[in-house]
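Two complexes follow with subunit A in common, the first pairing it with subunit B and the second with subunit C.
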Partner chain A sequence: MDISKDTRSTHRQYPGFWKRLRSGNLTDRQLGFLLLAPALLTLAVVMLYPVLTVLWQSIHGEHLLRPWLGSPFIGLDNFRKMLWGRNMIWSPGHLLAWRILALAALPPLWWFVRRGRIGRGSAVGWTLAIIVIFGILMGFHPGEGGRWGDARFWNSFSITLVIIVISVIGSFAMGLPLALLANVDSPLRWLGRVALLLPWAMPRVFTGLMFAWLFQSDYGVVNDLLQRTGLNGLLGSLVDPQLLGSRGLLWLSRAQTAVLAVNITIIWKTSSFVALILLAGLQSIDQSLYEAARVDGANAWQRFWCITLPMLQPAVAVALIFRTLTAIQTFDIPFAMTRGGPGRTLETLGLYVYNTVTASNIGYSAALSVILFALSLAITLFYLRWIYTDE
Partner chain B sequence: MKRIGLLLLALLTAGTFALAQVELNVFIGSRQNPDLLARLVAPFEADTGIKVNFQVGGNTSEVQQQFLNTVLQSKSDELDVIIIDVVRPAQYAAAGWAEPLNSYFESEQEMMDLLDQFLPGPVQADFIDGTLYAVPSYTDAQFLYYRKDLLEKYGFEPPKTWSEMVSQAQTIMAGENDPTLQGFNFQGAAIEGANCTFLEPLWTAGGDWRDANGNITINTPEGRKAFDFLLNTMDVGVTKPNIAETATDDSRKEFQAGDVVFMLNWGYVWARSQNDADSQVVNKVGVAPLPAFEGFDSATCIGGWQWVVSAFSNHKQEAFQLVRFLTSEDVQRVLAAEDSRVPARKSLYQDASVLEANPQYGQFFDVIVNARSRPVTPFYDEVSQLIRTTVNGVLSRSVGVDEALETIQNGLEDIVGN
Partner chain C sequence: MNSRARRSARVWLNLALLVMIVGGIFPAVWLVLTSLKLDGELVRQPITYLPDKPTLRNYLEVFEANPFARFLLNSVVVSLSSTLICVLFASLAGYALARLRLPARRTIMTSIVMTSMFPALVLLVPLYRLFVGVELPGLGGLATPNLLNSYWALIIPYVALSLPIATLILTSFFQLIPKDLEAAAMVDGSSRTGALFRIVAPLSAPGIVTAGIIVFVNSWNEFLLAFTFNTTMNMRTVPVGIILYQGEFSFEWSIISAALTLGIVPLVVLIIFFQQRIISGLTAGGVKG
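Moving on to the complex of A and B:
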């Protein structure tokens, strides 16, 4: 069938979609939508419907153990409870935070002025507006006996940020050397590649349970190794005695050491993923660049710094996005290792959502999920912008 | 062709008969010994013509409840009789999930007579403001297990006060000079049992989680005394510093390996420590009521399981019959003798066949009559999660005592106040 003729006929007569379908005479556009429809429908059912349900639930007070309350519309009350205090009062006592935020609002504005996007006049107007709005908001503080929102939320928010920073940096610090090692031209490099794949292929919960045993303070391998190498004595003189038991560091039953142990586990588990992506990046670098650099007399360090790293940037960006997104959603490893403990030290946002939903507080857990979603979205947008401005 | 027709007819008739017969669906956990229960209900089925099906789900109280939450929230009639943890009847009553049982008895007197045959602890949990929502199946409590041989060796009687217990443990540890020996072991991990770890010293200091007027009373001198006591056992070296990692069965294993002088734990430990092939403490174990602070009474946490009739059942009358049968003396006797379920009926503590299988029940009785309920509230899940994680935080020294008391106090006010 001649397609060009077909599209011309569309303009003339405009038969309906069903008529065209019966006669087997669809336009390209219609055919395209028809072929996409199953996928779109599936996505709508498994993605859109749950997302919309969570949004709906987050503005309704639904609690399975308080069925007599039903699920009334409560607006943004869940978010107010989470982020904001119960009884906030305004006073000028909190102007320090106000000033800092006002100052923080200025650089982006000046940047826009310099790029010529907005005029000086409106920049001044925006600055004033920001100072006033933030000032009014920041002047509020918790009244007598009140707190800034949900202390448990802020705790899980901050431990999630800590895990993002430490484990993402850590997995790159471990992953890049691993990738370089696996890329070395040697008959033994398959060994490095197998070693790379193993942690990546291992189920996360299994990894968590395994490391929980390694870090067990009485009969774990880690403390045993520290003992054998004589490092225990050194640690004993360096760290707070409250962190030490009879057989070395109390890895999983003290807050500081547990954060360290869980981050080490996450880094072990994820650096192989980073390394795999970086390895793919390394292999796509044109070897002639290195040859040319050698001819010019560049040493190994210069070749790494001036060729490998810059050429690796797209791979780094991809790895960074995926690694950061999984770090925001950290759940399995802290859950398997300490159930979010000791206390609530390692209760990440993901764990907090889980704990709230299993305590039957559907509404609040939906609100927490929305915040988690917003955080993931913000970081993704930031990275995407960074990648696209680079091109 | 004709034969197939006959076969179909036969199947259809069988189907109609099956429809006419009442079927009861009973939900139990995997720890409730489904095989034994199936055997026990056979006479009931024969007598009444009612068919009883068991649905088995989950091996912990929390996992079972997560499933039941969804079933009951949707008002499903698929379950008729359910076994629930002693901490939950209040939740079932408030949510309208458990059928009030008063009207199924012939008279008020008949109900009160029945309740009189049970221990006070489980009845306190099941009989709420004059309405009976559940009938006890079996009970449990935390006991003070101790090494009889070691206490005898140093001439000690089982301790009556906490400080006596700590000093006995110190003497024994110094005398034995065994680096693996722990003086006092309990559950410090953030599990359900950690609630008891905090409530027991709180109760034995004369405190409680709330007063008679319903005010939360955690941030009090008694609450502080409870936390200070637990931390002090670590400071003086009687309790191991990583007690925050210890869950119920970890305690049992360490005790059974002969590494612990005093331990708080549930009833099941006795049978395991005396019967397991790897036990180092056969005939070396004693059981006593929990110590208290000077001038106060001993108290302990009650455990155990109850039968409820689902409010959404289509066969409530038959379901009630089944509950009466399952909580009868005959059934409880078999559960106690064959499955070491601590009986909820008082008379069984003098029963020859029960005592023959479980000689320890004679000693258990004195402890169990003093057992108290963990917070009786419809919001037990949230209350429990709050207390146990905070207790774990204190024992791991990641939360200070002041902060912990304030967290539990404010948290409970939020949860119960809503």
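Moving on to the complex of A and C:
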């Protein structure tokens, strides 16, 4: 290597870069820079630049239908309008659910704090804390005539939270047994894994349309199965007659049932992802632990409770965070199933952002995106902290 | 443990597995069955499970009502090209992150992971404006081309959206290839780039396939950006095209089912042939995360 030549050209940041490139002997730093450049450049242009633009837009009042106003700087006015206004159109029943949720999460949270388990690594503890905070925020705000702003925003915020809570819990409740089953040694194992991958690979829009057809109230399979198993009669006597059509529940045209139907759809779609992540966790557990436990006389339940669950915790953490992130961004499935309806009962935060964009209110949609982004970012930071403290 | 108890446990487990298989596959099977029925049969009470007179008419109608073949072509072009570009970029970056002594390795890795959490929704308006064409500052009115209603309007964001997961998968994959092999090649007189192409690239083929499948599935499935950026009939992808059938027909479920079935076929083929690869890729991306 010709060092003397390299040192002569001191004006270059990397001495002899081009020469080294030609001869294929770059230093680690140079090669690394070269290899990372395409990926980092793409991410900077397509991800970072838009996020910065959205931040800028969110403090400017741009509205495409009022182009003569331009995009004046309005500070935090968009956020004030969103969070801090005077028209509130909520039913008290809506608040009650949040109060109950917040209060129900308090005792286990208290238990966690008392046990000193609210440290960095405690997923359940932090989730409970978040539920309590949101529950109080949503359930105990001043209510009708109070000082909370854009009713449509709070409506979308609350439906998003409902979807997060129900679908994340639901996908874990379904995903864990699925992962355990997929790990069973059986002649059906291959088919089982296909069945596990199909919901994961299915486009969300397709899933939404498919389930809209399954939940169709007159000719759908769900109502037909309920009818055939005789559950329809039972349901008919239990639920509000407003929810019933001539052939069973009106799944997609009534608020309560539509929320249920959309959550079931999301759970079907996402529990297989949870199961796949948990499956990896299961396969990484050392089999000798089970042998040892068996020798010590532990039964299957004890083995599950004392070995499988604790060893699965890292995988649970990863799946939990990814699921929460995708749940925050819920858009495609409610869009495909009901376009956010009936009314605005299924207008999630994502759908609200989209509807605001199509209504040309660029500034306000940017402010909404910032909220969406802040929520995702908070969860991501929490997640990264978790992963890196584990090592 | 006595063998009878074990055998009955086995039976129960297999039964549960069967339930899981039915639960996972039934909605798709129902789709196929619906697509084979005539409209008259769909609105009959009680509903029939197997089609009375199986027909392929709905499939013909899918192609007649809208340029569905064009939707398929668009999806294939967009997904394949974004997969190729994304995997190329990701394998370069993954190699650098897995092998080279870089000063800010951890920070770079973290920021790449962070971008995977950006919601596509947030990108919507800024990317739209970017693709309409922006004037480059200081170049005297020179502007970027209008990319809306072109393949690039989708390929560029799809590459970026899948880059983080692909980089994660490939980084963890490159870390598994023994460093000594490369060192040996370099001792034998091969340059570093030579070693990269002759030793590392062939060994990492499985990892590249894994990442590629996942990027492909992500791109095939994306809806929001495709729905917004490519609005002319000829540039729509399959998920966007299928939404169009809604409301176009009085009772549209037979034709939608046929269209959905056609859209799912490539994914089912991928799943059946590459299930082990997909599972290992998803878990590498997730757990190493």
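Miscellaneous remarks
Criterion: the second predicted complex is superposed on the first by the 280 of 391 C-alpha atoms of A that agree within 3 Å, B and C clash if a C-alpha of one lies under 4 Å from a C-alpha of the other, contacts with A are read in each partner's own complex, and residues count from 1 in each chain.
We adopt the following convention: a residue touches a chain if its C-beta (ideal position, glycine included) is under 8 Å from a C-beta of that chain, and two chains touch if they have at least 3 such contacts.
Please read these numbers as outputs of a predicted model, since none were measured by experiment.
Judged by the touch definition given at the top, the superposed model places A:G341 against subunit B, while subunit C stays out of reach.
Residue contacts after overlaying the shared chain place A:L252 against subunit B, while subunit C stays out of touching range.
Of the two partner chains placed by the overlay, neither subunit B nor subunit C lies in contact with A:G233.
In the overlay built on the shared chain, the residue A:G125 is in contact with neither subunit B nor subunit C. Once chain A of one complex is fitted onto chain A of the other, the partner contacts of A:S360 are limited to subunit B, with no touch recorded for subunit C. By the touch criterion defined above, A:R66 lies against subunit B but remains apart from subunit C after alignment on the C-alpha atoms of chain A.
Judged by the touch definition given at the top, the superposed model places A:P108 against neither subunit B nor subunit C.
In the superposed model, more residues of subunit A are touched by C than by the other of subunit B and subunit C.
When both complexes are aligned on chain A by C-alpha atoms, subunit A residues 216, 218 touch subunit B in the first and subunit C in the second. The touching residues of subunit B, when paired with subunit A in their complex, are 62, 66, 69-70, 73, 91, 94-96, 179, 188-190, 240-245, 378-379, 381-382, 385, 389-390, 392-399, 407, 418. Considering their complex, residues 23-26, 28-29, 31-32, 35-36, 38-40, 42-43, 45-51, 53-54, 57, 177-178, 181-182, 184, 186-206, 209-211, 213-214, 216, 218-221, 224, 227-228, 247, 268, 272-273, 276-277, 279-281, 284, 314-315, 318-319, 322, 325, 328-329, 331-332, 336, 350, 353-354, 357, 362, 365-366, 369, 372-373, 376-377, 379-380, 383-384, 387 of subunit A touch subunit C. Every residue of subunit A that touches subunit B in the complex is listed here, in rising order: 64-68, 151, 216-218, 242, 244-246, 250, 252-255, 258, 339-345, 347, 355, 358-361. The residues of subunit C lying in touch with subunit A in their complex are 10, 13-14, 16-18, 20-25, 27-28, 30-31, 34, 42-47, 88-90, 92-93, 95-97, 100-103, 108, 110, 112-115, 117-127, 129-130, 156-157, 159-161, 163-164, 167, 191-194, 217, 220-221, 223-224, 239, 242-243, 246, 253, 256-257, 260, 263-264, 267-268, 270-272, 275, 278-279, 282-283, 286-287, 289.
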